[in-house]
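Take this structure first; my questions come after.
Should a chain be cited, it is by its letter among A, B, C, D, E and F, assigned in written order, with residues numbered from 1 in that chain.
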Amino acid sequence: MICIGVLLLYLAISKNFEPLLLVPIGFGGILSNIPGVDIAVGQGVLHQFYAMGIETGIFPLVIFMGVGAMTDFGPLLANPKTLFLGAAAQFGIFATLMGAVALTETGLLEFSIAEAAAIGIIGGADGPTAIYVAGQLAPHLLGAIAVAAYSYMALVPLIQPPIMRLLTTEAERKIEMTQLREVSQIEKIVFPLLLLTLVAFFVPSAAPLLGMFCFGNLMRESGVVDRLSDTTQNALINITTIFLGLAVGSKLRAEQFLVPETLGILVLGMVAFCIGTAAGILMAKLMNLLSTQKINPLIGAAGVSAVPMAARVANKVGLEANPHNFLLMHAMGPNVAGVIGSAVAAGILIMFAGGG
Amino acid sequence: MSDVLTQAIDLVVYGMGTVVIFLTVLVGATMLMSYCLQTFFTAERPEVTLRPSAAPSEGLTDPKILAALSAAVKKYREDHN
Amino acid sequence: MICIGVLLLYLAISKNFEPLLLVPIGFGGILSNIPGVDIAVGQGVLHQFYAMGIETGIFPLVIFMGVGAMTDFGPLLANPKTLFLGAAAQFGIFATLMGAVALTETGLLEFSIAEAAAIGIIGGADGPTAIYVAGQLAPHLLGAIAVAAYSYMALVPLIQPPIMRLLTTEAERKIEMTQLREVSQIEKIVFPLLLLTLVAFFVPSAAPLLGMFCFGNLMRESGVVDRLSDTTQNALINITTIFLGLAVGSKLRAEQFLVPETLGILVLGMVAFCIGTAAGILMAKLMNLLSTQKINPLIGAAGVSAVPMAARVANKVGLEANPHNFLLMHAMGPNVAGVIGSAVAAGILIMFAGGG
Amino acid sequence: MSDVLTQAIDLVVYGMGTVVIFLTVLVGATMLMSYCLQTFFTAERPEVTLRPSAAPSEGLTDPKILAALSAAVKKYREDHN
Amino acid sequence: MICIGVLLLYLAISKNFEPLLLVPIGFGGILSNIPGVDIAVGQGVLHQFYAMGIETGIFPLVIFMGVGAMTDFGPLLANPKTLFLGAAAQFGIFATLMGAVALTETGLLEFSIAEAAAIGIIGGADGPTAIYVAGQLAPHLLGAIAVAAYSYMALVPLIQPPIMRLLTTEAERKIEMTQLREVSQIEKIVFPLLLLTLVAFFVPSAAPLLGMFCFGNLMRESGVVDRLSDTTQNALINITTIFLGLAVGSKLRAEQFLVPETLGILVLGMVAFCIGTAAGILMAKLMNLLSTQKINPLIGAAGVSAVPMAARVANKVGLEANPHNFLLMHAMGPNVAGVIGSAVAAGILIMFAGGG
Amino acid sequence: MSDVLTQAIDLVVYGMGTVVIFLTVLVGATMLMSYCLQTFFTAERPEVTLRPSAAPSEGLTDPKILAALSAAVKKYREDHN
């Protein structure tokens, strides 16, 4: 088990796999598996971090506030239709949930509906959302789910391109998109409030996650609390990341992690990413059928979230087809739309499966 | 069909449906918001309305006084913010 | 109720009304009133912030430490007599307390002595002090008290000038004051210790508030712990402000906030500011009667606290009467004296009404 | 007269009295402190007494050695402070 | 008792005695002894800091993580044999433990084995380690132990030189050491993992302390999480230092501190420092007997820890004997070795005496 | 001899022994590690292996495209890191 911690550290340090999370998670995993001392259980310090930050939901919510303070909704506001791509890519979440239930039906593994929902959220491709949902619905699977979510987010440059090439024609990949319009400051200020209002009406169970996200974004855009916004984007999110990572690491204890379920989770998580990617691309193609203003279907793949990696992958694959095709900004729209989409899905899963 | 499977299908239909409807509504609301704001605020230069100087009611006109005051206020804000 | 949250955000963002607090409070208020999800009660994240930071008193005390680290006692030390102005202005606190009790006598509203004391502290014109006292004496009124305190602090440029003009003659407003002497570093180091010593002897119940305040100030002035002082003035106070604001917002739930008492609190708070302002000015005029070294009575109004807004208002009104009359530094003395004065009053209120 | 009203009057008298007395004592104590400190410390330049360099007992006189040491110490303090 | 707080502040501010800790500890000590108000007991804010940070062990562990992030193992890796010096100097810990038990045997004072162990750790010359051990084994002695540890660390420039001159010849003090080799980044990355692995095998009870230390160091050296490392070295360690210091100050209440045991602890602590210094020097001389590559025995004194003060003292005494003898970098090896050594000793003490 | 004294002696022997043995093992392990790493990594310049650029698989060769992309990516990383 300590080897897995070392492997995570190796991937983080040497391969630059989501190091901000995988260094603390990997190290925490090593600490948790030292025999003869209680670090990840009882009064151990990592278990205390877990109890105060993940059981309560505080750490992922604070991270989400920080992510909100780092997010620029400009590209999304310039082209709101990319929200459809962020919606479609969440199909990966629900397909995986079905997959987990199907595995249970076959008798290979046994997942409750809450566990299946927590596994599905890996397809949301959003770290804090996955940790928040798993912490609420299936704490005993949190280690595997977090590791899967962050690993696959790091692997997006390997996972997505083959699917993108398979589902698009050369001509589609060459589509150039018109430059995005300037978005005014007032639109950026009103948007988080608008989003929160709709959440309050339609999916209140997503309000903790999206509320903190919108709060962070409002601090950023309002322009009157820059010192709070700066601290949120730096000291506060960094401190929380360290303790969140160590706390997640406390769930990598061998007796909880080295179980057949973990293998199932890793496989299902990969499936989730693939389906999400495919659904985003296919939605983009569908939109092109219905509209005259064409979009490059590659940016549909960015709808899974995995900010900003997925957007960069879309850009890179687009450049391969057409060296003048800069999709990065266009892909940021579905990319942040994916964050919203998976937070909405998370709210529904918690409401539905948390009581079940 | 097992109970869990029924539940899961319900959840998928309800969940995916909500995500799609929610984001569709958000597309509409966002376009409406942008349209309204662009219509109402373009002419009047929103930055001015939105970011008043910290002391909008000062109303001083003598630039020399204003400069002296600004320096002192700036000093204090740095110390006391 | 959500409209009130949006109104607070509008005032904070568009009118620059104490945005550092009113953005988090307003947003927290919106989150707290979303139906169908527990954010401000039970295991909700805002209620957790409230329980860990306001019930315990920790957040306002940490803010007070940060304010101490940001306060320069130089102007006060150069002219210690301005402490009298800070004393007089606290009359607003006690007059309001009487007002709240009088309202109870009339039968219009019903406030206990603890509630009346918590309402009176709005007249202290000091945010963390008001939150600390309300959290100890009347948590159910905390939302209204905090909103009143911060709103009126932001409204000081509108509230104070008419009272200042009414109570002073043109000749008094023209009084120029002699430049303040330089204050040595050692005086600045010894002062917080002297202040704490007197607090320990005379009003130990004010020691938590003023102790943290003096500690912050000593870190600032000692010159040997600059890295602690810097962090206190930046990351630490910013982080605490965010969580304090959200926690206060959790007290803006409609069923607690939309009650007749809130209206009473808003009216009484306004009265408190007016009486405090008047008392400060009248004390300055009284001092001029008794002393040959004249002071400009406008700086008496700064005795309410509301740092640094009240000092800037005194400066502005002084400049209107005499374009060569720069009162800003002179008004900082009573301004910080007002912070000390209301912390002392807070200690007495908690001791007296907390046991009652 | 109601009980609460009596209590409130007591609290106002006691509270406002304490605030005024406390700040009056503070005025006196502050003036005394400033007087004493200005008397005792003006001649001997307080900054020197108050802010010794971090290593007051070094007592090195060769400036070159001092410079080399300072650089090394500075480096270490940055790393290890 | 308040005088002792003022004395600590005086030493910190005027004499620059470990001000980062002694300013908060001294001020906390003053606050704790104000009669008529509960600040350091019950619901008092300092007692809350104590309960959340020291009873749980979290504050010293976070500080240790920060120290790890500030530590450069380069000099140690360039000359690993200096680890022997760090081992020898820990003899001060165990000699003092024996001294405390001997005092008990004489009937002068009465210390249990856990108390004797907590007193011994003063000889480790490492603040967070001492606070961690005392918090686990003898919380009622924590105030005296922490004050002794930090005071003697500040007094190292007075305590060590006479012992160093007594135990070394002029010729030995003149020994120049060859320049240290460059250490590659990969060695610096692997070292904390190697250290943690050995800890896991040989002294798992030291894993919480050394685990957090190695984690901080890995964040520093890995180069992929610089934003986490920077925050750990600045905002996070500063915030924790403030609250740790205040929490330690809550243990300076007169009834706990003004007891005969405190005098015994102060005397024993001083003995611990002297014995540790001597043991480090003698070990260096022993190594010179056995090896041809001579080391200057002065750097043995740096084995006590007291980073970086002890290393600077070694450098200074070396320069007095030989103006071309720059020992600073050479002394940093045993200096950080001393941190490792006392953390290992701490683990053993907690395991042995915690259950006893 | 009292019970506490016996315990203390045990603790001293066991504790000091462990400290010395542990650090001795650490000396050996460290030297071995340094030897191995220096042997294996000197030739291949470890920094290159260890610190890939954040996007190692980009594989773009046209410097102009690369520069444009870098600027955009940098901007985004600053915003979104």
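Assorted remarks:
Convention: contacts are C-beta pairs under 8 Å (C-beta built on N, C-alpha and C of every residue); 3 or more make two chains touch, one makes a residue touch a chain.
Keep in mind it's a predicted model, so treat the numbers as computed, not measured.
Hopping across touching chains, the smallest step count from chain E to chain F is 1. Comparing the centres of all chains, each the average of its CA atoms, the largest separation from chain F belongs to C. Per-chain Cα centroids separate chain B from chain E by 50 Å. With each centre defined as the average position of its C-alpha atoms, the distance from chain C to chain D rounds to 24 Å. Between chain D and chain E the centroid-to-centroid distance comes to 28 Å (mean Cα coordinates, whole Å).
Residues of chain A in contact with two or more other chains: 13, 16, 189, 199, 223-224, 227, 234-235. The residues of chain D that reach two or more other chains are 50, 81, listed in rising order.
Interface residues of chain A facing chain B in the complex, by the touch rule stated above, are 76-77, 80-81, 83-84, 86-88, 90-91, 93-95, 97-98, 101-102, 104-105, 112-113, 116-117, 183-187, 189-191, 194-195, 198-199, 202-203, 223-224, 227, 337, 340-341, 344-345, 348-349, 352-353, 356. On the side of chain C, the complex with chain E involves touching residues 56-58, 61, 189, 193, 196, 199-200, 204-205, 207-208, 211-212, 214-215, 218-219, 222-225, 227-228, 230-232, 234-236. Contact residues of chain B toward chain A in the complex are 2, 4-5, 7-9, 11-12, 14-16, 18-27, 29-31, 33-34, 37-38, 41, 46-47, 50-51, 81.
Chain A meets chain E in the complex at residues 2, 6, 9, 12-13, 16, 19-20, 23-24, 27, 30-31, 34-37, 39, 43-45, 48, 234-235, 238-239, 241-242, 246.
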